[in-house]
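See the structures that follow.
In what follows, chain A forms one complex with chain B and a second complex with chain C.
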Partner chain A sequence: MRDRVGKSLRLEEWARRDSFLHRRDARGKILSVLLFLIAVSSTPSSSPAAFVPAAFLLIFGLIVSGLPVLELLSRACVIVPFSVFFGFVSWLENGNALFAGALVARSYVSALAVVLLMGVTPLPELFGGLRGMGVPAVLVMVLQSLVRYLRVIVDHGARMRRAALCRDAGVLPRRNRRSLWRRASGALAVLFGRSYARAEGVHRAMVARGFRGDFLSSRPTSFTAQDWLYLAGTGLAILGARYLAPVWQ
Partner chain B sequence: MSIPAIDVRGLRFTYPDGTAAVRGVDFQLAAGESVALLGANGSGKTTFLLHMAGLLRGEGEIRIGGVTLEDETLSSIRRSVGYVFQDSDDQLFMPTVLEDVAFGPLHRGVDAIESIRRAREILATLGISHLENRAPYHLSAGEKKRASLAGVLVMNPEVLIFDEPTTFLDPPGQKELARLLIELPQAKLIATHDVYFAKKVARRAVFFAAGRIAGDGTVEAIADRFHWGLS
Partner chain C sequence: MEVRIDAMHIPDGILSVPVWATLNAVAVPGIGLAVRRAKKHLAEGHAPLLGVMGAFVFAAQRMNFPVGFGTSGHLLGGALLAITMGPGSATIILTAILILQSLLFQDGGLLALGANTMNMALIGVWAGWLPYRMLSKGSFRTAGVFAGGLLSVLASAAAAIVELRLSGVGMSPAIVGGSSGVFLVTGIMEGLITVTVLQAVERLNPGWLRVPNGMPSRSAGVLVTAALLMTIIGVLYISALPDGFEALAARVGAASREQIVWNAPFPDYEAALPAGEWSRKSLAGLAGMAIIYGICVTVGRLLIRQRSA
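And then the complex of A and B:
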């Protein structure tokens, strides 16, 4: 849990670095990722090789961002267990291993694109970008609250785990799984109770400082000529990768 | 006679679980005055303070700077009351210190550039400009407390409320906080268990017991009367 907290915070720290991609307006980055996702999902594929051009494009993006490439690649692996499961089901159904592999590759490059977006865009800017693109305020608000409260829960979980480890010292018999699960479910209930109390505290602090249901960003946004160039360039590159896919496979 | 910064008459509040936390409190805080709220855990201090910023609503009358606290005035009253919470982690919820400090002005209609300018100014005043791009969860307890204070002072409130401000602070941090509070011109209401700290930052103290004010006087007199740590 502690590692997970560290990882999630690291992504936020990466988002505050400086690079050509970091400096781009959030709306341009969101649009290019949407275009990428549409291109990837519409790629006709009978083999994972169809996604090689898209992967090359993402790796180029990772290098330009100046972020640790291997860490980002491993972060995107979060999707793999799910896609492997669906790939396996698909393989059982039609016996085509290449098609199943293409399913896994498609979901992996999609996840990598989203991870890259998160790694080069601070959350307030990302939410501001969504608002700027006309996403309903209520939806953005729900997303923001979700992120904030997830952070609260993860933070509390890490503290409780630390407290439990201090008293447990890892000497409890592993074979007593039933007792372990019983304690874990109790701890989960406490975790949600405490997270609720903390969330209430955070909400009070926000209300006391003028919050009235709408997060505002203190970063002035402007869509510059460079953003237009970035959007046009990535658009062309994504379309190129999309039309190269059948040739590649 | 000047208008009191806070004027409370017959305040009562019962939590939904039936706990009567405040049971008829009358209290006045003069403009520019500092008062320490002493009392045991669960005596009603925090519940009382939450009412001053309209974060809880009980029975009775609360006037802040002569304005009665009600739905129509809630927004303007929150502008004039700055609340520093006990746990700085509750208060620092934005990704960087600068954004957190700018949150208040921004959400009170000040534009983004001016909010950032004001935030930078107050960070410089409190001597923590070097923290502006740091994530709040990376700060020490003392730095968090200063950042929380900056987030409140940036709104230039007329009344400052502190709930257990010395929690998590080491003795040098407490000393530094006391120095800061003494320099602030606003009326201050400071809930604390630390009577030494109370003595440094306030002359007057009120003692809470079972949701009522059981005593009102100088910090020394209250500490003596309720055996609260000075002897």
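And then the complex of A and C:
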């Protein structure tokens, strides 16, 4: 989990860079990704080749964003084991390898679109965009606090695990499952208690600093003419890629 | 080795348009109701508390519990959150976790968010909360907590399997049976972990456990829990044999006597349009989503009006 949190921070570093895509309003980027996902989802799944136009579109987006293309392509591979599993299960049942391949290709392209969105949109802007699109304020605030304290609580859990291993020092036999189980549940209860206490402390400190129930945005959001142009351009490109799909396969 | 059930996070590209569209349309008002419920029970401005508890779930999933044969499992947290934070707050926390997982870690898709939220944050949380709510009297409470943990996993898994079947992901009865076995083991582990962790939490501070008001009788609790379990088993059985109803209808001769009493607006998930198949299916899915959303909003408003009257 710590590795995964670290990787997510790397994504956040990329999102702080500057490019045409980075400068676009978060709402426009979210809408274009949703449109892309809907187009990909509705593409007939008779062959993986149907998703080549969509993949080209994403690679163009990756190049425009100035982000490390190969790293982002490999990051989207996280999804591959799951989609390969579903594809394999489908292949076993239907005996159609092309359909199974299309399932994997569709999942991969969809995951790559989300990776690109996260690579060009800092989290505070993304949350601001979600709020602007009508997501309930409570949910957005929970998301913001979750991101803010994710690393803190995960590191705390890791420190507790390390401390328990040091105290144990190999004395507790690995076969003594009952003791190991009791130790793990006790540690989890302590972590629960400390998280709860930390959350209350955080809340009190925020109230003392003037928190009135809403996080302030670092950058005011405004949907400019360029954002409208971006949205129209990506919309047309996505529809073009979608209609090219049957021709390509 | 670690036993994980991340396969329950359905990625994008697996579910068909009508399935994800319908589930998104149902999940949105569901989360809206959970937000309303949580606001009632939570002090003003306490949203950061939910966020930190969400981070706790992430950390808790790193704590391994030895199972045997060199394997270990971990807490999933739906039932634990429902019992300690209340079902409304637990739904919000798990929804936030699912959104973050899909955006930052690519665990589950964005379009499939409705399905994942439905399975884990709504069905999972409420299936975890109900047995505890119904059996929290005296000596039956531990059984209620265990049943909550078990049923939260089984109900989520059953819903995910049904959604995959409806989307045309071919799953033979053997695969559904095998997956159900894995989910049963995971559910038993979740029940045991939830029981032991809650006992330890209660030793630290009994106030952290939510005690439901107006508890029903034990027999009603046992009945409701058994009904939940039977429903899940029935759903899994039907998804293993999806054509069971049609086969049964053919065997008893009902198929030959069937007659159309109402023409569905979108037969076979297709809108009656001259455009291509994908447009027809997409439009049917989106129209279905809009209709269900409209119904949910109208029913919700009527219920709120009735309550406030």
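A few comments on the model shown:
We adopt the following convention: the second predicted complex is superposed on the first by the 184 of 249 C-alpha atoms of A that agree within 3 Å, B and C clash if a C-alpha of one lies under 4 Å from a C-alpha of the other, contacts with A are read in each partner's own complex, and residues count from 1 in each chain.
Criterion: a residue touches a chain if its C-beta (ideal position, glycine included) is under 8 Å from a C-beta of that chain, and two chains touch if they have at least 3 such contacts.
No experiment lies behind these values; they were computed from the predicted model shown.
When the two structures are aligned on the shared chain, A:F211 is found in touch with chain B and with chain C.
Residue contacts after overlaying the shared chain place A:L37 against chain C, while chain B stays out of touching range.
Of the two partner chains placed by the overlay, only chain C lies in contact with A:S110; chain B stays clear of it.
Once the two complexes are laid over each other on the shared chain, residue contacts for A:R148 go to chain B and to chain C alike. When chain B and chain C are set side by side, the one touching more residues of chain A is C.
Contacts of A:R198 after superposition: both chain B and chain C are touched. The intersection of chain A residues touching chain B with those touching chain C, taken from the two complexes, comprises 148, 198, 202, 206-207, 211-212.
Note for the complex: chain C touches chain A at residues 6-7, 9, 11-15, 17, 20, 31-32, 35, 38-39, 44-56, 58-66, 68, 75, 84, 92-93, 95-97, 99-100, 102-107, 109-111, 164, 169-172, 175, 193, 196-197, 199-201, 203-205, 208, 276-279, 281-282. By the touch rule above, chain A contacts chain C in their complex via residues 1-2, 4, 7-8, 11, 33-34, 37-38, 40-44, 75-76, 78-79, 82-83, 85-86, 89-90, 92-94, 103, 106-111, 114-115, 117-118, 126, 136, 138-139, 141-150, 152-154, 156-158, 161, 174, 177, 180-182, 184-193, 195-196, 198-200, 202-203, 206-207, 211-213, 242, 246.
Listed in rising order, the residues of chain A touching chain B in the complex are 9, 12-13, 16, 122-124, 148, 155, 198, 201-202, 204-212, 216-220. Against chain A, in their complex, chain B makes its touches with residues 50, 53, 55, 78-79, 81, 83, 85, 87, 89-91, 93-96, 98-99, 102-104, 106-108, 112-113, 115-116, 119, 133, 135, 137, 151-152, 155.
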